Amino acid sequence: MSDAVLEVRNLDVNYGIGDEAVNAVHDVSLTLHRGEVLGLAGESGSGKSTLAYGLTRLLPPPGVIAGGEVIYHAENGETADVMRMTDRELRAFRWAETAIVFQGAMNSLNPVHKIATQMTDAIKAHDPGSTARSRLDRAREMLALVGISADRLDSYPHQLSGGMRQRVMIGMALALDPRVVIMDEPTTALDVVIQRQILGQIIALRERLGFSVLFITHDLSLLVEFSDRIAIMYGGRIVEEAPAVDLYRSSLHPYSDGLLHSFPALHGPRRELTGIPGSPPDLRAMPTGCAFHPRCPKVFEPCATDLPVLGVPRDVTAPAGRTVACWLHPTH
Amino acid sequence: MSYLLKRIAFYLFTAWAAITINFFIPRLIPGDPVQSLITRMRGQITSDAVQSLYVLFGLNKGDSLVSQYVKYWGQLLRGDLGVSFTFFPSQVGEVIGQSLPWTLALVGLTTVIGFLIGTALGTLAGWRRGSWMDAVIPVTTFLSSIPYFWLGLIAIALFTGPDSVLPAAGGFDPGVVPSWTGGFIGSALLHGILPAVTILISCMSGWILSMRNMMVTVASEDYVTVAHAKGLPERRVMVRYAARNALLPNVSGFALSLGFIVGGTLLVEIVFSYPGLGYQLFQAVGTKDYPLMQGIFLIITLSVLLANFVADLAYMLLDPRTRREG
Amino acid sequence: ACGSGGQATTPHASNTVLNVGMPNGPQTQNNNPFLNTSAARSLGYARVIYEPLVMFNEVKATDNTKPWLATKWDWSSDYKKITFTIRDNVKWSDGQALTADDVAYTFQLVRDNPGLNIDGVKYKDVSAAGNQVTLGFDSSQYVFQKKILEQFVVPKHIWSTYANPATETVRDPVGSGPYTLKTFTPQTVTVAARAGYWQDAPAVKEIRYTSYADNQAQTTALANGQAEWSFVFIPNYQAVYTSKDPAHYKIWFPPVLGIHGLWFNTKTKPWDDPTLRKAVNMAVNRDDIFTQGEAGYFYPKVDNITGIPTPVGTPFLDSAYQDKKVTVDVDGARQLLTGKGYSYDGTTLKDPSGKPVTITLTVPSGWSDYVTDLEIIKDNMAKIGIAATVDKANQDAWTKALDTGDYQGAMHWTNNGPTPYDIYQGIMDGALFKPVGTGGINGNYGRYENAEATQALADFAGAADDATRTRAMNTLQKVFVEQMPVVVTSAANVGGEYSTKNWIGWPDDQNQYAPAQPTLENALDVVMRLKPAS
Amino acid sequence: MRFVANPKAAIGLTLMGIFVLMAVIGPWISPYDPSTRSNDLVAPPSAAHWLGTTHLGQDILSQLLSGTRSVIEVGLLAGVVASILALLVGVTSGYLSGGGAETLSALSNVFLVIPALPLIIIITSILPETGDFTIAMVIGLTSWAWGARVLRAQTLSLRNRDYVEAARATGEKTWRILLFEIMPNLTAVIASNFIGTVIFAVTSEITLAFIGVNTSGDSWNWGTILFWAQGQQALAQGAWWWFVPAGLAIALLGTALALLNFGIDEFVSPRLRGNGRTKVKTVDGDTVRMRVGFTPVLGFGRRDTP
Amino acid sequence: MSDPSGSASSTGVVLEADGLTKHFPVRKRGRELLSNVVRKVRAVDDVSLTLRRGRVTALVGESGSGKSTVARLLAQLYPRTAGDVRLHGESTTVRGGRRFRAYCRQVQMIFQDPFASLNPVHTVRYHLTRALRIHGNAGDDLEKALADLLTRVQLTPPERYVDKFPHELSGGQRQRVAIARALGADPEVLLADEPVSMLDVSIRLGVLNLLRDLKERLHLAILYITHDIASARYFADETLVMYAGRVVEGGDSETVTQRPAHPYTQLLIESAPDPDQIAGYRLSEKDRGTGEPPSLINPPAGCRFHPRCPHVMDRCRTELPPRFDIGADHFAACWLYDRAAP
């Protein structure tokens, strides 16, 4: 693995303040390396989107960042904490360094402006010196990159199909050659044909441009196929992190295991699906100890009282970069 | 039936119904223009005048209401609005013609300006939700709950008088003659200040409130967050992304309010003795000047319908989703 | 422009321009002098463009005429014929000479167009010979003489070209008066003095008639000097108007022979009983009505028992009533009532049949002075045990109620004229009587029937000599005082507000040469006498 | 109660309560009979007459107090009538389709086109008497069109919502769908429309009284006070105490209603509910505003790093 | 549940659609207003399908291909442009009123979006009570009926959910309430429109297991609409594939998913994510050439898939392919399977 571009350290994100605060992301640390696709999976409501918005500070009210830092390693080796940036710095940092494709990419385009306007105004904001021509050329180039013909520049978003809009957003995210691209479930609403088209293009581009991707979804089968490393979230915490193959072949955390046995496979023999019994935890009243313990098939005595810490498991001679937070696998 | 024909039929029906109501309702008022004139003069005209006035106004023929109605449509279709009783024998068209520009200038301009300022303030209030801008809302609601006439009269009492440059009444200085000269325009502007400010204060809060609520709603739309994520300057996000979309529902309200320019602010015109249409309408109602009333009602009807049409057009311009595909 | 809105001290306006204001709202260009609805009439500038044959001063009962376009006029003794001698050096403003033909044409016009005959004078024939014009009538015109003498004259050579003079807006009025129309705007009309007027040129070179939207605006304009002459009701005029410049701001509201008062529907019980009406007359506080209701000036107080305004009507008073003033006499009223079978149950007055006496006083809701008058009367009635309610009706409903006799009591007025005849005719003329429920009434709103009064009115109008008239007038006064069909409180007014800051020579108590109202015929007389204040 | 938790609404509620209280007990607590004359003519505020007197020596405070009832009655009655009409016409014409619905929407358009105030003036002059009830009915019957339009538009957008379709697919009857599925979701609109109509009715009544319609009988309302003040040119006389209080009372009533409106908005719409807090304190004690696009940071990761 | 009386045939056909067609009119704008051109969205064209007792029929296809429209047509929520819907062999067309409600009792629909199909102002109790009441299934003890219903959809304990508002429930819970509501009518046919689309894998599994259980215990006929083919394989007995308003392939689920016949189905299956193909997420030439879904206003002539089809023939461009039987219980509408072809 190459060096880190984005380091999330002990990030805490809350909804609301004071007594009503809901701690949606708790003490999350995560490192995104250059050129890799890091997959983030987890149940609905486990805090994936919250993490993504939190680390770019785009979380709408009542979201607040209660603590932690997000260190960005710039190309020239300097580092900066996103959490301490002023509005100006933040604006300059966004899109040029870190671009984000939102969960509801369908709604991410302003319905009243043309695609061209929306693509060029980001370029203009970050490169005021550029000419209108050059900006338009760049927009054209990006559209071509995601496989949309340039004459679509003058379309309004509603004139595009869902898949095209999704691709416009992706093209727009890449327009300024950012070093990090965060994608939050960019394909949920799409059928598999279009989904495959889009993801295929991202992979191809990543190889050419060398950016890193943080890819968020709850669709594990997709993630296993698509990413280099996978982090599993449960109840606002990362519970396991491992290379995609390792996770798929041998997950350590019972929750990851449950997830992997919940989706039907299209090919091969029809296997028995076990699922995960119980329901997701209530963020307001988190279980003590390991948040997963009320649903865990392998629960044993420390789980209910002590919180497992994410770390490299002692018991597995796993490849580097595998961490887990489970009492089954005590950490170093 | 095609959509366009349907629309046209709908507009025509509305116009017909409104005009018919406008024809019959005034005629249900007890008495007639002559009695009303005599009564209003309170002995200044001798009661012997009654007969001559009936003859003069042509009310001595005893036409039935229905035949009057038919005649009225005949006139209307010829573009003839009839003769006013109050200003007998001036043509209704002439009366309206000389009042309408004043109303359009004063109320029209202030409606537009009020909409613009209100929208701008509402944009800010919505954008800076939770800042001191929030205070704008209760203050403006307070101001807009005050009846126009009260505000106007207080303004006259406070800001006009021997020592003030602001005139208390009229559309322009008695000494000048309407023409496109600096003197007249300056005088007209000066006379417009107080009524305009009164209308502005009263009408702005509606725009502020609705714009603010829309802004709060729109500011949490994904595309606004995306605009932030793109690192666009704040002003651009606010104006081009949030406000531009928040504006849409306000547009139809604005168009409707354009239709109310003529009938809506009658009291301001009365209080400020402004030579506009609202004042004439009020007078016409008082004197049972049916032709003038009908003429003005007609103008109002047409302008509301026109405004509806404009609203459709504006919506189409502002919201590409409603434009013709392809 | 003098946009300052300040006092009329702006130099260029002073001493050549006279600013007249009326509270009539925006006008349309309509200069037809025959029509009350025209801008010319409602603002009054018709009066300085067109001239009457004779100036008639209503404020004085005697010595009230002054030759104008006619140098001489002679009534036949039965008042069925009049001959005017027309002044011969008069030129129309377009340079043509004014002749007897024009005068005859004018009368002919009025006779032939009922719509133009606002006064309803019944002309029989009109003829012109030399500089004389003769009018013939079927009946005595004694009581209508003012209306005939005051007739203004229009040029035949212009008016004969009009297809329908009644619907003519007369864009370029041509008259014999000293002024011609200079500019017209819906708000302000300017007339300027012309050359070639038959009298000495007036000192006022230009008159601006501004139409303010309402009384409030008009008052403000008067108070800040923008308007120098007007006719408008100003409540608390001292505070609002005269105190702003006590040396110059004047009002003068002389009474004329027309009245305002409390009318009873004499066909409703118990108000058909003169005793009750007389008692009310004794209870009504006219001073309060004058000072609070009529702002201390607007409709002058009438306190003579005959209801005839004084001093203008003094010459007509029967010597018996010369000094009979009504004053508030609650005890007297109570005695009068109890003496006639009425009784008191505590404070409540009961009529002879034992029913409590009540009355509903109807008034148009927007007429604040009448409402105030009635509120006062209500209070006064309470003092003699009558429970009154003031019903503020819609103006049209009120008009209809009076027209059909569907009311109990109301403030209303009578016509005014050169003699008290108009007052009494309006109140007591059986010829005008229509039963309750029948509309189209033209006076006698109280549905009052009294043969003696009807006869006396006919006698007065048709008499061939002054003695008969005096007798008839005395009869009328006697009937009125005994029957009291209307409690007269106020006189009609012909006054005005004016400022002596720039112009002097206005009529006032000392010099009652004309009414002070800018829209009457006499306005021309007033303007001609104005001189710049030095 | 959640409603009162919103400070704006709480203020509105309190104000409104005071007005209603005044409407109920106003005539009893007024120091004088509002119509009785006295000898203090146009007297400025004093110990005897807190708000001074009129040209007839009537006590203005008493008029104001006795006038409240009529204002509140007319406002509420007209508001209820107009709201019900707007609801009936708006919702039915929005939900149903076909000739009937078209006719209803045309009807509301016609009423929208006819200018309200002149129409009210005309109608009140046709009617034989113009008591509070009549005025309220006239205002109510003529001012529902705007509300009907708004409700219709809203219903149109609700009509095709899945939950309405779902209710239909469950087998609900049409009237139940209108009443129980659609109308509860219109509460916010209905409420703000009701409040808007009440404000409109109150100002209309006062305006009518001001221009001389509906000053019937001995009943007082704030418009009557203004009518007299204006008829006597109170401001020009310097008698501000005659003119100003009634106007302020109207403005206050309007504000109270508008503030209530805030509460209702937040009460009905989940969007605006709850997160009333818009400012947060960071660990360092600074106050930052919550806003879209720039999530506030309350504390930083490691306290030791500068 | 008792055996449905009067079933049309021994095969247990409950609801049948024959040549179902739905065209939505497109509102004209601008210049079109003056022309005579009638534009319409051909959302569903000539779709025939059969729902049997105790069997699940899956309907898959790309988004916008008309799946939901078919469900709504079957539920009689839209009037149909052409075709026939037969309930127990009887042709039925009901718009509203009593007959519509009688139809509802037998055919119930679960709407696609559980966030939109529950009225935000009503509690779970209201929603379910109405469903029970309308069809007279409440019995004597409403509380008990409610608890039964909730238990059936595994919302246990029922007291915890019965008084909640929709926004207090998670997506999966809502979805289950929506299902419970449909079951409250005690229907014979359940039209389930993407009942699991918004759920993550573990919750999704729970819901599917519930439906399967219902099918097996209550012998419901279920139409299961989804774009997740893997779940169709897992859950449905029979699968139909729709493309641009038409059914292009159908048959036994296992066959259709394992041996897809129609090129579109093949594309669909290939595109589905496959975790076992870990390193293989590479852009293949085929993926690039898949193109855009067709416009339903002006659908391509001939086979609607032909502009994207890798096996396109001349004939495809002009002639609409009929259904060709490929094997037992397996058909495809594609000229490739025309055995009569030269």
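Letters are used for the chains, namely A, B, C, D and E, taken in the order the chains are written, and counting of residues starts over at 1 for each.
The definition used in the following text is that a residue touches a chain if its C-beta (ideal position, glycine included) is under 8 Å from a C-beta of that chain, and two chains touch if they have at least 3 such contacts.
Everything quoted here is computed from the prediction, not taken from an experiment.
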Check every other chain and keep only those touching both chain A and chain D; list them. B, E
Chain located farthest away, centre of chain E as origin (C-alpha): C
Indicate the whole-number Å distance between the mean C-alpha point of chain B and the mean C-alpha point of chain E. 54
I'd like the Å distance between the centres of chain D and chain E, where a centre is the mean of that chain's Cα atoms. 49
Need the CA-centroid distance for the pair chain A / chain C, whole Å please. 92
Find the geometric centre of each of chain B and chain C from their Cα atoms only, then give the gap between the two centres in Å, rounded to an integer. 39
What are the residues of chain D that contact at least two other chains? 125, 211, 230, 236, 278, 290-294
Can you list the chain B residues in contact with two or more other chains? 29-30, 153, 156, 220, 225, 227-229, 270, 325
Can you check the complex and tell me which residues of chain C touch chain D? 215-216, 219-220, 223, 234-236, 239-240, 292, 364-368, 371-372, 375-376, 379, 389-397
In the complex of these two chains, what residues of chain D are touching chain A? 275, 277-278, 280, 290-302, 305
Contacting residues of chain D [partner chain E, same complex]: 161-174, 180-181, 184-185, 187, 270
Sites on chain B touched by chain D in the complex: 10, 13-15, 17-18, 21-22, 25-26, 28-30, 128-131, 137-138, 141-147, 149-151, 153-154, 156-157, 213, 216-217, 219-220, 224-225, 227-229, 237, 256, 259-260, 262-264, 266-267, 270, 281-282, 285, 293, 297, 300-301, 304-305
Within the complex, which stretch of chain E touches chain D? 72, 75, 77, 96, 100-101, 104-105, 108-109, 111-113, 116-122, 130-131, 134-135, 167, 178, 181, 184-185
